[in-house]
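Dumping the structure here so I can ask a few things about it.
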Amino acid sequence: MIIVLRPEATPAVADEILARISSLGLKPLHMPGSERVVLGALGDERVLAQLHLESHPMVEEVKPILAPYKLVSREVHPHDTVVQIGHVPIGGQRFAVIAGPCAVESRAQMKNTAQIVKDAGAVGLRAGAFKPRTSPYAFQGLGMKGLEILRDVGAELSMPVVTEVLEAHDVDAVVQHAACLQIGARNMQNFALLKAVGQTRTPVILKRGMAARVEDLLLAAEYILAEGNDQVILCERGIRTFETCTRNTLDLNAVPYMKQKTHLPVVVDPSHGTGIRDLVIPMAKAAAACGADGILVEVHEDPKVAWSDGAQSLDPAGFRRFMKELAPVVRAVGREMP
Amino acid sequence: MIIVLRPEATPAVADEILARISSLGLKPLHMPGSERVVLGALGDERVLAQLHLESHPMVEEVKPILAPYKLVSREVHPHDTVVQIGHVPIGGQRFAVIAGPCAVESRAQMKNTAQIVKDAGAVGLRAGAFKPRTSPYAFQGLGMKGLEILRDVGAELSMPVVTEVLEAHDVDAVVQHAACLQIGARNMQNFALLKAVGQTRTPVILKRGMAARVEDLLLAAEYILAEGNDQVILCERGIRTFETCTRNTLDLNAVPYMKQKTHLPVVVDPSHGTGIRDLVIPMAKAAAACGADGILVEVHEDPKVAWSDGAQSLDPAGFRRFMKELAPVVRAVGREMP
Amino acid sequence: MIIVLRPEATPAVADEILARISSLGLKPLHMPGSERVVLGALGDERVLAQLHLESHPMVEEVKPILAPYKLVSREVHPHDTVVQIGHVPIGGQRFAVIAGPCAVESRAQMKNTAQIVKDAGAVGLRAGAFKPRTSPYAFQGLGMKGLEILRDVGAELSMPVVTEVLEAHDVDAVVQHAACLQIGARNMQNFALLKAVGQTRTPVILKRGMAARVEDLLLAAEYILAEGNDQVILCERGIRTFETCTRNTLDLNAVPYMKQKTHLPVVVDPSHGTGIRDLVIPMAKAAAACGADGILVEVHEDPKVAWSDGAQSLDPAGFRRFMKELAPVVRAVGREMP
Amino acid sequence: MIIVLRPEATPAVADEILARISSLGLKPLHMPGSERVVLGALGDERVLAQLHLESHPMVEEVKPILAPYKLVSREVHPHDTVVQIGHVPIGGQRFAVIAGPCAVESRAQMKNTAQIVKDAGAVGLRAGAFKPRTSPYAFQGLGMKGLEILRDVGAELSMPVVTEVLEAHDVDAVVQHAACLQIGARNMQNFALLKAVGQTRTPVILKRGMAARVEDLLLAAEYILAEGNDQVILCERGIRTFETCTRNTLDLNAVPYMKQKTHLPVVVDPSHGTGIRDLVIPMAKAAAACGADGILVEVHEDPKVAWSDGAQSLDPAGFRRFMKELAPVVRAVGREMP
């Protein structure tokens, strides 16, 4: 850790801080420059956090050298983690497509859509029973009833199901019905939920928050791993920027960046990431090309009557085209797809 | 609501949509332009949401005319709402300063800091017992024990206390200890929490999320009001932008904008909003000047040993200067301050 | 165009505005709703701009129906434009790679690098002679001397050269030396420069500004076409967002979005777009996968001694790997590459 | 400067870099940590820039200790610079209001508006003759004729005039007609223009670009000072963020931050900064409260017929109210206003 002192800091301030660094068992360094005094601390700088040097009135800036996350880091765990959702591996040689409607609307809708996506090659089924919605006047999901429908349809078609859990309190119920949990963008820093999910041994897809830097996402994953659950899949789903032609700005740069920094699998959600049906196929192909391990995609049997997010859902023909166009790109980067 | 059709939409599509608008009891309008057909619907467009016209493959864009929120709107409720936190009114003639440490660290620290801020003129006491932290390795708050300390200190000094609640599950416990709840930026769209708080009759300070547009904040407040609790105070505390010289970008434009659109009181948190101690005083003055109803501010008896957020906390002398510099600005805009 | 009046607007205001719409030969529409009066204007709404209705104190909002650009629009010109840079077509069946150093540093460096990229399959040569630099203390380019070196090296190797022009005043000189001009991100709204380039018949690569919405980029291109030069190639090169792990956020969503809205070719610059060498190859593959017509990429014979932008430059071995990995993705989307 | 090596860097790499640091006359430092080797360089780190260490394949990150700007820094020049625009000082005890229409439209409009703002207390006159416009179909200004009108009206009323210069080529002409130049947000990194303005001795208002960090703005100012012109006034006028309720996000945090870092005066433009007439007065008051030295504000004799930017212009009554409400806030922070 590097500590830059304010220009007006006296030698006594430097001595005081150096002594505090020593007292923690780290090696202190004194680097008096022409315009600033810079101090250093060699050793595991995470223990330095307890000194709160950034609060010191004579400290101008604290520059950490190491990343603040550990368990998710590829430096600690060099080999790719493969997360098993039911019988489907995420993060290995095979590229996974997990598809389904935004929300469970009825048993018939769910079954029909599941059959369509399975026939076209999807390996997992996704749908929401609890829906986080910006407006209190929008459809909020079928709740437990939706969860049961989803579980039944998944079982009938032998497709592992992924569904969102909104609250720490609901985790126990949801793990009974799903092969994989999902933590949505708005809950990425709901730390109680992260901890509760961390205490299960169920895989979880953790979506990047709309204002989250990649480092924030990795730290949120660290919460889950720190509780003992290492079955975490990271999901890029768009960030908020000034651009308004897309609903969010899908940040694919995060995919190869995260693949370098972490051993966890990374998937991409081009449906929420762009909010525009016509961009889903090209951005899914781009995601595969830059190293994603899979895609989450919204498909509705008839988007124009969908209860939510219809504008970004593919229809059955659209999903078949999606699979057909995606496969050659997946193979071009040396991965497999059914 | 205005519905713009795609260039390739046929007259039959327009007829179909016009019929669906009529079927809901709204007056349909047909506006064939030279390059696009535009449809309109006159009446309460919120009922139109159920048609999900934005999902229609032949619809290019849906442009709502009315704001999506209602109960929080000044059009529905023209007069300023004054929220009563204990004996302290927020939103009327008096400008309120609510101060305290980031976190409860100990009974002694809490009592000492409370006395300091009370003596300098603060009317409310703030501190966190449950702390949402980006890193799992950072201090997470004293929990229930912190809550008890806070309640006791508030009672001793006759200062109403404000504290954050992190989970729907905790609401019942926290309302026993606090005069006012706080929903933090990371939880602004934790809808279960919004609903749970909406079912109490305890005032709540709702902080704007880091990626939240003002409209999103107003819709989040709408969740609370829709459950029956109209004691909501909105709080601007900085958004995430590309600027890195401040930790967040405190968006004071939102203050006068919200004062025009909603009847709810608006306060500002310059401590989290900037993340920099030296900017707290000038930005508090700016907030008062542009119409805020009060300030939330972090004060620590000794910031250089604070367990969290020390870099943005004022020390006792700093807080006295804060009050002294703020008062003339508050009076210059026709408000009162002790 | 849709004009939403303020709630307090009187019928007389509506009548006045409707009369002004009629006076321009457009068909006025009156849509009195329950909470707002909405007016419409049917016809070429671009002529309405002269009314400046958004300035009217009783107008709440003006919502245009049509895009503000015209000549660049695919609605006006449905077929893909192919821009010819020397003998290299951009925008057709072939995918183009244009490579070279950030800056011309010397004749030897330029010749060596050009030979390397040519041998590996690049079809065009890029390098800067005039460098826009954030700091006045950074290397500013060799100027005219650099331009001559670039022209000579391009001629020797039969590679068309692309180079940046910084000022309207320099356009005449630069067109003598280059097959294609480049307008950099910082100059995307230097309207004098756009007009000057529009008056030449030399192709131009127009880079998206760091704060530019896609619509702003298309309007900047419209400036060039409006002056008579339709040889414009759009370039996505990253926008500024809150994410700091990359220097910019390469916004690939813009690629398929623009391919739908405009007939102009679209290329991508993953070097500036990410600022990180290790992300250049994956993001170039992603760009090809989502429909880009080519790539601009920085290659230096020895990045560790580059005078500028070395951290994002590929070395010769890196560029050979770039071409080798890119080719299968290009073919997977049905395009050709040498 | 701190140089963090990649985990795989060998001791030989560290030795090589340390030798390069020594060769420049700086003192090298070797700090081998448990997970990374960190190197340091003591001395004027700006000379290190020529080593381009960030390009080295074995360097993970370079962390500068000092700000990259120098002449604009308060460390080099501790006392406030007061810039004299004609007889009006900017940056001292007096708070300055510079007002006028967005664009010169006619002699009558200009004269009338100038008289109105003068009578209400404005000390400077602003208007554009050359207008940078996003769309080529929008009004582009009267050009030289507008400049002459502006000069004449300023002379008649003894008001110094401020006007924008768009191109290096135009600087000579514009300095003949104006007491102060303005460089607009879109040209903040038009380095040729910065240099040309730097070679005059005419004061200049430099507006922050929409994607510019404060550090970028200070470096742009450094370009002007480096050419010998220290009469620079910085202007905050809004940045681009995801918020859409305002046209830009006026970033007032930048005001006290810049007042701490630089000796140059700082003014604020709430008209462009918000794009909304109703926010101009409150945000001007906020700007004064947080330490701005003055305000640039758009006033039109009749905004509803303004040729540009009418939606953000104050009308004469609005401007009188602006001055009346602003004055007490200015005095509350210890400044003077007529």
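A, B, C and D are the chain letters, set down in written order, and residue numbers restart from 1 in every chain.
The criterion applied here is as follows: a contact is a pair of C-beta atoms (placed from the backbone, for glycine too) under 8 Å apart; a residue touches a chain by one contact, two chains touch by 3 or more.
Only a predicted model underlies this, so the values are computations on that prediction, with no experimental measurement involved.
Most remote from subunit C, judged by the distance between CA-atom centroids, is B. Computed from the mean C-alpha positions, the centre of subunit B lies at a distance of 39 Å from the centre of subunit C. With each centre defined as the average position of its C-alpha atoms, the distance from subunit B to subunit D rounds to 31 Å. Between subunit A and subunit B, the centres computed from C-alpha atoms are 26 Å apart.
Counting partner chains per residue, subunit C shows two or more touched chains at residues 211, 239-242, 244. Because contacts link each chain to all the remaining chains, their graph is best described as complete. Across the interface of their complex, subunit C is touched by residues 2, 4, 7, 29, 31-36, 38, 40, 42-45, 63, 65-66, 75, 240-242, 244 of subunit B. On the subunit A side of its complex with subunit C, the touching residues are 211, 213-215, 239, 241-246, 249-257, 260, 273-274, 276, 278-279, 282-283, 285-291, 325, 328-329, 331-333. Of all residues in subunit A, only 46, 49, 52, 54-57, 68-69, 132-138, 140, 166-169, 186-187, 189-192, 209-211, 216, 219, 222-223, 226, 239-240, 277, 303-311, 313, 315 touch subunit B in the complex they form.
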